[in-house]
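The structure is given below, and queries will be raised subsequently.
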Amino acid sequence: MSNAGDLLKVEGLTAGYGAAPVLHEVTLSVGAGRIVAVLGANGAGKTTLLRTLSGLLPLAAGRVMFDGLDLRGVKVEKMVRHGIAHVPEGRGVVTELTVDENLRLGGLWRKPREPLDEIYDLFPALAQRKNHLGHQLSGGERQMLAIGRALAAKPRLLLLDEPSLGLAPKITSQIMGLLRDLRDRTGLAVLLVEQNVRSALSIADEGIVLNLGRIAAREKADKLADDADLRHAYLGF
Amino acid sequence: MKRTATVLAALLLAAGCSNGNSNSSGGSSSNTPGVTDTEILVGTHQPLTGPAAAGYSSIAPATKAYFDYVNANGGVYGRKITYKIMDDGYNPANTQQVVRQLVLQDKVFAILNGLGTPTHTGVLDFLKTNRVPDLFVASGSRTWNQPDKYPGTFGFNPDYTVEGKILATYVKETYAGKKVCFLGQDDDFGKDSLAGVEQVLGSVTAKQTYVVTNPNVGPQIGAFKAAACDVVVLASIPGFTALSIGTAAKIGYKPQFVVSNVGSDPTTLAKTLGAAAPLLEGVVAANYLPLATDDSSPWIQLYKKVNAQYNGNATFDNNVVYGMSVGYLFVQALQGAGKDLTRDKLTEAVQKGGFTGPGLVPVRFSAQDHSGYAGEQLTKLTGGKATYFGTPYTTDDAAGAVAPYSGTAAAPPANGVPPAQ
Amino acid sequence: MDRFLYLTFDGLSRGAVYAAFALALVLIWRAARIVNFAQGAMAVATAYVGYSVASATGSYWLGFVVAIAGGLVLGAVVERVVMRFVDHSSPLNGVVVALGLVLIIQGVLGMIYGNDYRPAEAPFSRDAFQIGGVTLLSRFDLFVFGAVGAVVVLLTLLFTRTSTGLRMRAAAFAPDVSRLLGVPVGGMLTLGWALAAAVGSLAGMLVIPTELGLHPNAMDLLFISAFTAAVLGGLDSPVGAVVGGLVVGLLLTYVSGYLGANVAPMAVLILLVVVLLSRPDGLFSKAKARTA
Amino acid sequence: MTIVERLATTTKNRQKSRQNRFVPLAGVLVGAAVIVVLTYTLPPFRNYQLATIGAYLCVTAGLTVLTGLNGQLSLGHGALMATGAYTLALWQDRFNLLLPGIVLAVVVTTLAGGVIGLAAARLRGPYLAGLTLAVAVVVPSITSTFDNTFNSDQGLSVALNPPPGVIPVEQWQVWICWAGALLTVLFLAYLVRGRFGRDMRAVRDDETAAKLAGVGVARTQVLAFVVSAACAGLSGALFAVLAQSVSPGAFPLTLSLFLVMAIVIGGLGRLTGALIGAFLLVALPSVAQSIAEDAGSQHLEGNLALTFFGVVLVVVMLAAPGGLASMKFPRKIRKQKGQE
């Protein structure tokens, strides 16, 4: 499934906390303008995968290439300059800062800095709460803020961890729709970690199933959604 | 836990075995702690570090330098004096530790000139129990003068009440009818001094205290200004003397300052005040030893020589004079105790008294009196230099009169070492 | 009334220096979530350097600038060489290392300069203006107020108007997220230490002329008052530091003036208890408490 | 550390403690035997130092439980020690009955600790540190304001009967101090193993989670403070016995700071760490002074010792972030560090 035009190429990635690896020889790729959903039960290693890709965790073995660049040894704070934005689990909104400050933070590294109008256009709800502190926002608003902040960095690849966690279905589908639009409009690539398999597969181009840190399946999204055996075995529905 | 305990035990044992001989006292000098045929080991506790070190950390090195001088001139009955200075940072808990180390481990012959009232008070009982001579404590507390309770403890400084009475006598004679205020440290120093002052002057117009932990005397000096006092008596340590004089100048208040001896060393004050040192002009204080700036005194000539040779030419101020005078008196006491040196003989020799030395007034050691110098003479600062004026006075810490002392000061022996008696 | 006014001005001029030093503590707390017990000793170290330069060159202001610059450097060095390598999984580790630094700095200063007080000149007259027999402030007091005010304004501008300030705040509140957003968290930490130490040095240059003089322990007592002031105002709030400093300064002076110097520490304790029991995160804490 | 990781380490610790389970009573009895033997072999000054270690152990053990297990930082334990010491001094002056006096000292300090603990339970981190710091610096102020009772800076002397029979004073002091210390350790060891210990850790790790699990957060915190205050009171009383005098200068803020340093350097939250800390409080200053003496010129005075002391603190904290008691597992620490 890997081809020359892939934006992100992961080969034989092994990583985890301390001596015991959580991920074992994971190989995957994400092409430009594609949404890849990473699925799996709790503890399958989904979050670890994203944290390793963005450099928060060290690589024990394997190779991560991003647009021809070996990411080993690239510091976390430099990732965003190469075009990788990571929205961590729990949204990572800095609750002590205002909405506007959070968004500015996303685009700070860019020179010259661009105005945030585009982001506020995407998320009108945020525009209304510009000067509210992060902890005053609702869960949905925080998620939008986190994604909006990542987009302010103008990334080519978005690593998105559980955007639907704790959100009402209506808001979840709003967010999913937004991601699809962005992909279609800007060619953004997304590696989407989700527990909510249905909504993830509804927008993904392909899906990867992780089980106990190993890749159990890699399929086109619609195919995965139809594969009853796989669903029963790993995804629980 | 168990293993750690064993390791700690082993460590303690190892540390302890190196010096595990038993102690004893009395008898002859052959089994007197700290005394051998060639050496006398003496210890002291001093604030070498911490906030209280300022001003006082130069005393013990000066004493040591004088001992080195004596040692170079043959010592005392052929014995050299080794002076072990321990730093207690003016913390009574540390004093406990270091004095026990000196007595129990290093087996010093005597404790000399331990500095500070709260620090030394805590070790009085310990020193008494172990029958260690506790000579010439460096503070003017009346605590040291309790021959019945602490037979081995002797003071050195005139006590604060004696000083208060003498300062007040000067104020009464010179500023009759003027308003007098008093600022004292919030402890026995301030209290004893105030007691002496009020005994002579009656109640003062305004009295205030300061605490060493709050270096701001603005409220106190402000109160004196509001009370329009003409004379301010200070029972303060040098830093707070400087602070008080500086604060008064800051608010445009110019009383006559009369300052206790412990807080009046001109060198220390001038150093602290820096460019504001001219404010010291006219300050009246008191002393009982030759002044560091009095080059005509044979004692100062001797001490300067010792300071140059054995004290690394340290800044020569009244603290150095004090330290060397302590050393001189101690050597006198050792000479008096004789060749067969024991702790009891040393105490007897001190109690016998009759020492003549650098002091302007006598030390009044006797069986009934363990306080130090009997009085003081007043000084005035002019041109950055203190000079004596008037006559020395002596008095006691009770109701006794303040009397002029007419004796003349002794000259140092030619070789600078007190002769054997 | 005159007495009250006199004490008020005396208390304000004391409070201003507490405020300056409390600001330094707030700054480091905001940058690194640590109460820097070594702040006082570091400030004394740079003050020694500053006064050495001043006496060598004859220019107070050159020494002043050197002291502040020395603060910047010392703060950065302490963070880069020591604090960075402290395991911060327990907040106490940093505290103990800071206390160790205090002993080292005081020991080294004592070895170089000795343990006596050295004079510390003030750049302006300390003689107070008098109006109608009431003693007001001195030129130096005004300078202190001006300097503290300037620091507050500059810090506020830095934190609210500049992107560096934004980065510093983000790095302190959420280091991991900030790194993901491209914020060099380590660099921000170094910058925070450097700035805090520079403000500490400024406070040192402001306070030492009003106290007993230069001494390795010169800032020990001030640290206690300033820490109290910072806690009172709320460790996250520069404005709180200033208000806390002034309140502590006034309280100490009023109590010393009306009740006696020995009662003052008890008054401070009572004030702290009253304030913290009603506002556990200080007077100027934000609505939501963060348990750090 | 996330909560999950914390939980993981807690479980790990629990497993570990199950592995090398030992009975505190046995440990304490062995300790008592070692101490008694030591008192007969050590020279007087070493005995005095040993007694001082015992007196320190009371307070460090209590403080390490408060700070290490319950997460409350106190900079005011020196003041609590002063409370115990003054209580004993005043009692001895009137009655001269040592054991009831020590018990009374503990009771009075416990009450004082309860008052501070009530306030402390509402405060977190540096705010608690700030309040307890203000408590620590208030001691001299109280002794001089009520100087008729406390005799200001000079303090009180403590009336003591000489030791029974021909036992040397220093040996007698070791027995008294270590009896107190070992009882304290025994009490705390059982306390920490029980439900109270679990509650304290739960509160330290996550107050909300603890509340949900039915742990009375405020009650646990106040109780932890009270327990550690009782230990500090005992320690203070023992120091009064050792010094035969009490004065505010002996309980300065630096003492409170040194206590915190001792438990952190020793190993926070472990009684072994408290023992190492108590040992260092006695040994380090005197080692520093003798090293400085050997190396030093007169003009460095005490400064070399001070510097040496500071360097030791910094180096130990960098080399053994878990304290000296954790030094047995250097590899594990490195691994944990990599995780952060």
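Here the chain labels run A, B, C and D in written order, and each chain numbers its own residues starting at 1.
Here, contacts are C-beta pairs under 8 Å (C-beta built on N, C-alpha and C of every residue); 3 or more make two chains touch, one makes a residue touch a chain.
These figures come from a predicted structure and were not determined experimentally.
Q: Please state whether B-C or C-D has more C-beta contact pairs across its interface.
A: By the number of C-beta pairs in contact, the winner is C-D.
Q: Which chain has its C-alpha centroid farthest away from the centroid of chain D?
A: A
Q: Compute the distance, rounded to whole Å, between the mean C-alpha positions of chain A and chain D.
A: The mean C-alpha positions of chain A and chain D differ by 50 Å.
Q: Where the centres are mean C-alpha positions, what is the separation of chain B from chain D, in Å?
A: Here the centre of chain D sits 36 Å away from the centre of chain B.
Q: Taking each chain's centre as its mean C-alpha position, how far apart are chain C and chain D in Å?
A: Distance between chain centres: 30 Å.
Q: Which residues of chain C are in contact with two or more other chains?
A: As it turns out, chain C has residues touching two or more other chains at 106-107, 110, 115, 260, 262, 264-265.
Q: Which chain B residues sit where two or more other chains touch them?
A: Correct list: 48-49, 53, 57, 186, 211, 213.
Q: Going by the touch rule set out above, which residues of chain D reach two or more other chains?
A: 137, 140-141, 144, 299, 301-303, 305-306, 336, in rising order.
Q: What residues of chain B sit close enough to touch chain C in their complex?
A: 48-51, 53-55, 57-58, 186, 208-211, 213-216, 218-220, 222-223, 225-226, 238-240, 242-243, 246, 249-252, 268, 271-276
Q: Which stretch or stretches of chain D touch chain B in the complex?
A: Listed in rising order, the residues of chain D that touch chain B are 22, 27, 30-31, 34, 38, 41-46, 48-50, 52-53, 137, 140-141, 144, 152-155, 157, 169-170, 239, 242-245, 247-252, 254-255, 271-272, 275-276, 279, 282-283, 285-286, 289, 298-299, 301-303, 305-306, 325.
Q: Residue numbers of chain D touching chain C in their complex, please.
A: 1, 67, 73, 119, 122-127, 129-131, 133-135, 137-138, 140-142, 144-145, 207, 253, 257, 260-261, 264-265, 268, 299-314, 317-318, 321-322, 336-337, 340
Q: Quick check: in the complex, which residue numbers of chain C touch chain D?
A: Residues of chain C touching chain D: 29, 35, 37, 82, 85-93, 95-97, 99-108, 110-111, 114-115, 224, 227-228, 230-232, 235, 260, 262-266, 268-269, 272-273, 276-277, 280-282, 289, 291-292.
Q: Flag every residue of chain C that touches chain B in the complex, lowest number first.
A: Within the complex, chain C touches chain B at residues 2-3, 6-7, 10, 14, 106-107, 110, 115-121, 126-128, 130, 135, 138, 210-213, 215-217, 220-221, 252-253, 256-257, 260-262, 264-265.
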